[in-house]
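The structure appears below as structure tokens.
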Amino acid sequence: MSNTFGKIFRLTTFGESHGAAIGGIIDGMPSGIRVDMELLTDDLKRRRPGQSAITTSRQETDEVEILSGIYEGVTTGTPIAFMVKNKDARSEDYKRVAETFRPSHADLTYAFKYGVRDPRGGGRSSARETIARVVGGAFAKMILKKIGVEITAYTSSIGNVAVKKHYDELDFGMIEKSMVRCPDPTTTEAMIQEIWAAKSEGDTVGGVVTCVIRNCPIGLGEPCYDKLQATLAYAMMGINAVKGFEYGSGFEGTTRRGSQENDPIYYDAEKGKIDFRTNNSGGIQGGISNGATIYFKVGFKPVATIMKEQHTIDNALQETVLKMEGRHDPCVVPRAVPIVEAMAAMVILDAYLQNCTTTGKVITPITSIEL
Amino acid sequence: MSNTFGKIFRLTTFGESHGAAIGGIIDGMPSGIRVDMELLTDDLKRRRPGQSAITTSRQETDEVEILSGIYEGVTTGTPIAFMVKNKDARSEDYKRVAETFRPSHADLTYAFKYGVRDPRGGGRSSARETIARVVGGAFAKMILKKIGVEITAYTSSIGNVAVKKHYDELDFGMIEKSMVRCPDPTTTEAMIQEIWAAKSEGDTVGGVVTCVIRNCPIGLGEPCYDKLQATLAYAMMGINAVKGFEYGSGFEGTTRRGSQENDPIYYDAEKGKIDFRTNNSGGIQGGISNGATIYFKVGFKPVATIMKEQHTIDNALQETVLKMEGRHDPCVVPRAVPIVEAMAAMVILDAYLQNCTTTGKVITPITSIEL
Amino acid sequence: MSNTFGKIFRLTTFGESHGAAIGGIIDGMPSGIRVDMELLTDDLKRRRPGQSAITTSRQETDEVEILSGIYEGVTTGTPIAFMVKNKDARSEDYKRVAETFRPSHADLTYAFKYGVRDPRGGGRSSARETIARVVGGAFAKMILKKIGVEITAYTSSIGNVAVKKHYDELDFGMIEKSMVRCPDPTTTEAMIQEIWAAKSEGDTVGGVVTCVIRNCPIGLGEPCYDKLQATLAYAMMGINAVKGFEYGSGFEGTTRRGSQENDPIYYDAEKGKIDFRTNNSGGIQGGISNGATIYFKVGFKPVATIMKEQHTIDNALQETVLKMEGRHDPCVVPRAVPIVEAMAAMVILDAYLQNCTTTGKVITPITSIEL
Amino acid sequence: MSNTFGKIFRLTTFGESHGAAIGGIIDGMPSGIRVDMELLTDDLKRRRPGQSAITTSRQETDEVEILSGIYEGVTTGTPIAFMVKNKDARSEDYKRVAETFRPSHADLTYAFKYGVRDPRGGGRSSARETIARVVGGAFAKMILKKIGVEITAYTSSIGNVAVKKHYDELDFGMIEKSMVRCPDPTTTEAMIQEIWAAKSEGDTVGGVVTCVIRNCPIGLGEPCYDKLQATLAYAMMGINAVKGFEYGSGFEGTTRRGSQENDPIYYDAEKGKIDFRTNNSGGIQGGISNGATIYFKVGFKPVATIMKEQHTIDNALQETVLKMEGRHDPCVVPRAVPIVEAMAAMVILDAYLQNCTTTGKVITPITSIEL
């Protein structure tokens, strides 16, 4: 098990879907930061089940209790522990699961790896674990806001329905108004149809989240193994159900010529900053942020829990047919949007803090943030 | 800077393109393993420049010196240091580079991050750094061979030319016979044309490497942050020029329904093992290997160094036009094949060693390998 | 802040003296271990305040809640989170402290390091933090018991009163019968007098804890930086109030000749094992356990909180005289005994797990423990 | 094996006594620092064998080659690799050792841990490994000098001969003029006699090194596990032959009352800084530097290699009598002085860099150092 994320800003998490609680400890949070509880609870609400007709009907208020690390509303530099108690956990739903390995779930691999498994709600492999990621990300955002970094994710495709527009053409103010967190209203409608179509058949559907990071300082990322794209990929690929990651021009860029792909550099005298004519690099060159907008895509497979008959085996290795019941999302992508943001926030803050120790010339250190 | 890779099997590397040497230290290599120097030098040869008409003409024999950690041909459990001296380094080629930021290179970001940069051959950001990855991977392979794990990578696309066949339909014995490391002879021809077309215009072209890991034990991968796909993605995205990573059904899987994507489980009584009717999961479920073949794709952008005029700025922030000369690959993909394998080998071995401490029931520990 | 202890068996902790709770997360606990709650609660009782007339009168039942990682009484390999709620926290006692820096406390250094401090009960710097160490140690002991490792600590001196006997001459069964956790009854009486003498003057007194580890397997410890004595020293020196660490012959050994200090080796044919005529090495040679008994001493300074007038400064840098009131231990040493054991247990288990990945010849891996 | 030291400033080392070379990689060295080669070679000379009549006669010039990380005399922020080739290695001296376990050496424990051992000169367990520590420390000192931190170690006892004076009463300018690195001339004479007495009998003798760190900034150290005294202890206890560590009043402080031990605080208006009437805390409170002088003691056992007959066993477990020959130090303490300084320098710099990310109020960040 490896349940700690990050090097300087470190999130260590715990919790099973139907255990007592989900939570974590944030170590390395700089001191003197006023805690923005509204930011925290808003992000948790965006992740929560039961938000709309197209999400699971499991009802969890997901109220977070903070147990340490804050004094009179300000971070003290000591570890911040938090937990969210599990309330609406119907473990009886999972008796069947305890005896059978669900296809494309973690049941079988956990059973083989650990010799023991907690079958209630998927145990530790449940997406409910992502609550702790969102809390960690919210604390990271509290500092990033002070530096001016803006992280926004949105649903860019569901099944075969995709947003055609470039992220710069979209109105990010529309994201939270969309039931699927897609900033393009027309595409939103088609996406909802795609989800309903799947749900009506007891099926599920996948999709893609795009994440855009604006105003990231130059210099973040630690070659040669912790290139910024490598830690972003690591962060995203660790989210349940993620199958792929690409940044900048991504896989499409592999089909191009160097002369098409390279981003010409110029100096914008008016803004007093270096800029680029194109941004195929996705804001990262040589593993280090270059000051341009960082953007990347994260692909989610359809949720493995479907309400259709599936062939599998039971604990006694006998073949059997499984038909799941219970409360499950037909599409996880809209709820994954704040999780992608949270992971990105932790990666960027951690890179920022690491960069504070690198050199003496250019980068604003954590110590100069106005608290 | 973060120049250590891995948790238990740890590779720490050093070296600039035109410095004295490139090398590293492997810590955590289990003792008692007979060193297979042939495997090591073969992998280095596959990575080496100057292999064929389509690679850079820089000539480096890349002879590796091992400085420690081996006694009478056997690993002693102490750190294995190695280095490859740089010989054919023509630093005078880089005078222009010292004054100008090459588009889509690391020149600008290194300059801003560190305040200082070694412009000779790209310094630390040069792909010559990957020599050390190949050596690390070779030592990992020496143990993986004993466990029976087979790791094979190949070029699956160059520009718009792609292998259409599934990896199970390909003859991996053909890979090293192909100038571009593509196991499909017809596609090989088209790929070579694609590279020549780019080269003849002073341009470069990208592509994709597919990696296939057969016979990986069940149980490798450490949720929730070090899921096997997350550490594979981290490893691959840290290689120079990589823009994307996907495993199993990847991004295509995001367009599917759960009922199409899920892999039905069955028990193969004849082989006495659990198996799957399909392998959209790419051999990993819940972040843990499930015993099926692991496969993933790694997308490389075209090499940034082109022989065409490009707009950029110099150290004084003045706009200028840069036309590179010198010895550069028109396409890095064929030489990237052993690098992808090496990174995969280190990830799998590290996961294997971590898994030795996990439980008491199922997994073969390192201690039971016949040395 | 660095609140994670260990490499494979990792304890991450949180909590302030007068915050909501003290607790932690254990990551890397092997799966399939039946949880021994009696061992856990016994160790917590031994650490608890209010045990006897010579400890602080703060009353805390210190009941531990386990929030994750266990299913049907058995560890699942997922993180084990736990917490102990703070109940008898009288924060009003600390108003004076908030305005004044207590001599030889962490008040001043926390204030300068973090710019913010939680003055209630010393905040994070309170010895109440050691609850989490004891819980971590208890889980480590559950595995060590299966391997046969026995860890016993005892009070070997209080002020100028010291046990004269060698650890092999003492009856460890007497430790818990002694109010000061000293196995020698005569010395116990003198130690209690020493503590009462200090307490009656509003003063405090220091002392030494000796720890003895029997039946440790050969081969634990990871040179060259994680030598077993180095990680033991690191673990012990991190406990509040510890001023010194020595193992084996310790500082006394520095006055000897090599011919006196060296431990002759012989083969005990009857027991079928290698043994040593003397044990000045304290069971460790070259940083690796040699199979003999490991023993070391940990020196604790007197508690800094005294009921006498002391010269200091306040937040405005003005000199002032401070006279503390409240509930404090006149001597922390007896309650430190289980903490020293707990830290030793975590070090030994972590070394044991690391050693599972080292070689193939000698050491019993975790996988072969009878669960 | 664990051959990496430090968290942000990280030294990874390699090398056996009679292998090709000893060396390492420094990762996390801030960029823009002009390399002080004189400082580096001076420290290596102080550690070198063959310095005087009382050290081993092995002759090694210990010339260090730097392989990377420096451009035009300035650090670039990339890893600095270095090596010292082994020249005067007479492996034939060690044939006897290959068959016999030397008492109180690492021969037996390495053999059992790894199943394989390199017997030439003690292999990795040789004190020759400390060359790499000295190089790492020299780079750390290059930055610490800019911050004004002064680290000085000296021999404070050899056998039963000890310096009686307080470190503040000694003239540190005398240290390098003393053959045993003791700043007190009278004691120096007695110490030399002590060493000669041992040597003339084919024996060895131990001693203590005291280290004094002046002008350390307030705020260094990372509770609760990486308290500054804990990382110092870890660093020192990892040096070969060290048996004990204490800081400030140390073990003597355990015999005192709190009212004697506590350090009264006052404000020195003239100097404009907080200070302490006494310094029993040794410059560290709550695990964090308090601005006062840090001082600690490190106890070294007598060298295990003696020229007298010793009882031991051979590889076949047969008892035998061993009488060593060859070139060995009768007392390692004088040569250990620069090693203690080097480890202290790395600990302080690493704590300094970690502290750059902690808060925004008090500490000078790396970025504001005048380079």
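By letter and in written order, the chains are A, B, C and D; residue numbering begins at 1 in each of them.
Keep this in mind: a contact is a pair of C-beta atoms (placed from the backbone, for glycine too) under 8 Å apart; a residue touches a chain by one contact, two chains touch by 3 or more.
Just so we're clear, the structure is a prediction, and the values are computed from it rather than from any experiment.
Visitor: State which chains count as neighbours of chain C and simultaneously of chain D.
Guide: Under the touch definition, chain C and chain D have A, B as mutual neighbours.
Visitor: Look at all chain centres (mean of CA atoms) and spot the one farthest from the centre of chain C.
Guide: The chain farthest from chain C, judged by C-alpha centres, is B.
Visitor: Determine the centre-to-centre distance between chain B and chain D, using the mean Cα coordinates as centres, and give it in whole Å.
Guide: Distance between chain centres: 39 Å.
Visitor: Chain A to chain B: how many Å between their CA centres?
Guide: Spacing between the chain centres: roughly 26 Å.
Visitor: Quick one: report the Å distance separating chain A from chain D, using the average Cα coordinate of each chain.
Guide: Centres of chain A and chain D (C-alpha means) sit 45 Å apart.
Visitor: Pull out every residue in chain B that's touching 2 or more other chains.
Guide: 1-4, 13, 28, 31-32, 77, 113-116, 124, 354, 358-361, 363, 371
Visitor: Name, in rising order, each residue of chain A that touches chain B in their complex.
Guide: Its residues touching chain B are 1-5, 13, 101, 103-110, 112-116, 124-125, 129, 157, 159-160, 198, 201, 203-208, 218-219, 221-227, 229-238, 242-251, 253-267, 274, 277, 280-282, 284-291, 297, 299-306, 308, 310-313, 317-319, 354-355, 358-363.
Visitor: Write out the stretch or stretches of chain B touching chain C in their complex.
Guide: The touching residues are 8, 28, 30-32, 77, 353-354, 356-361, 363, 365-371.
Visitor: In the complex of these two chains, what residues of chain A are touching chain C?
Guide: 1-4, 10, 12-16, 19-21, 23-25, 27-28, 31-32, 65-69, 71, 74-81, 83, 113-118, 123-124, 371
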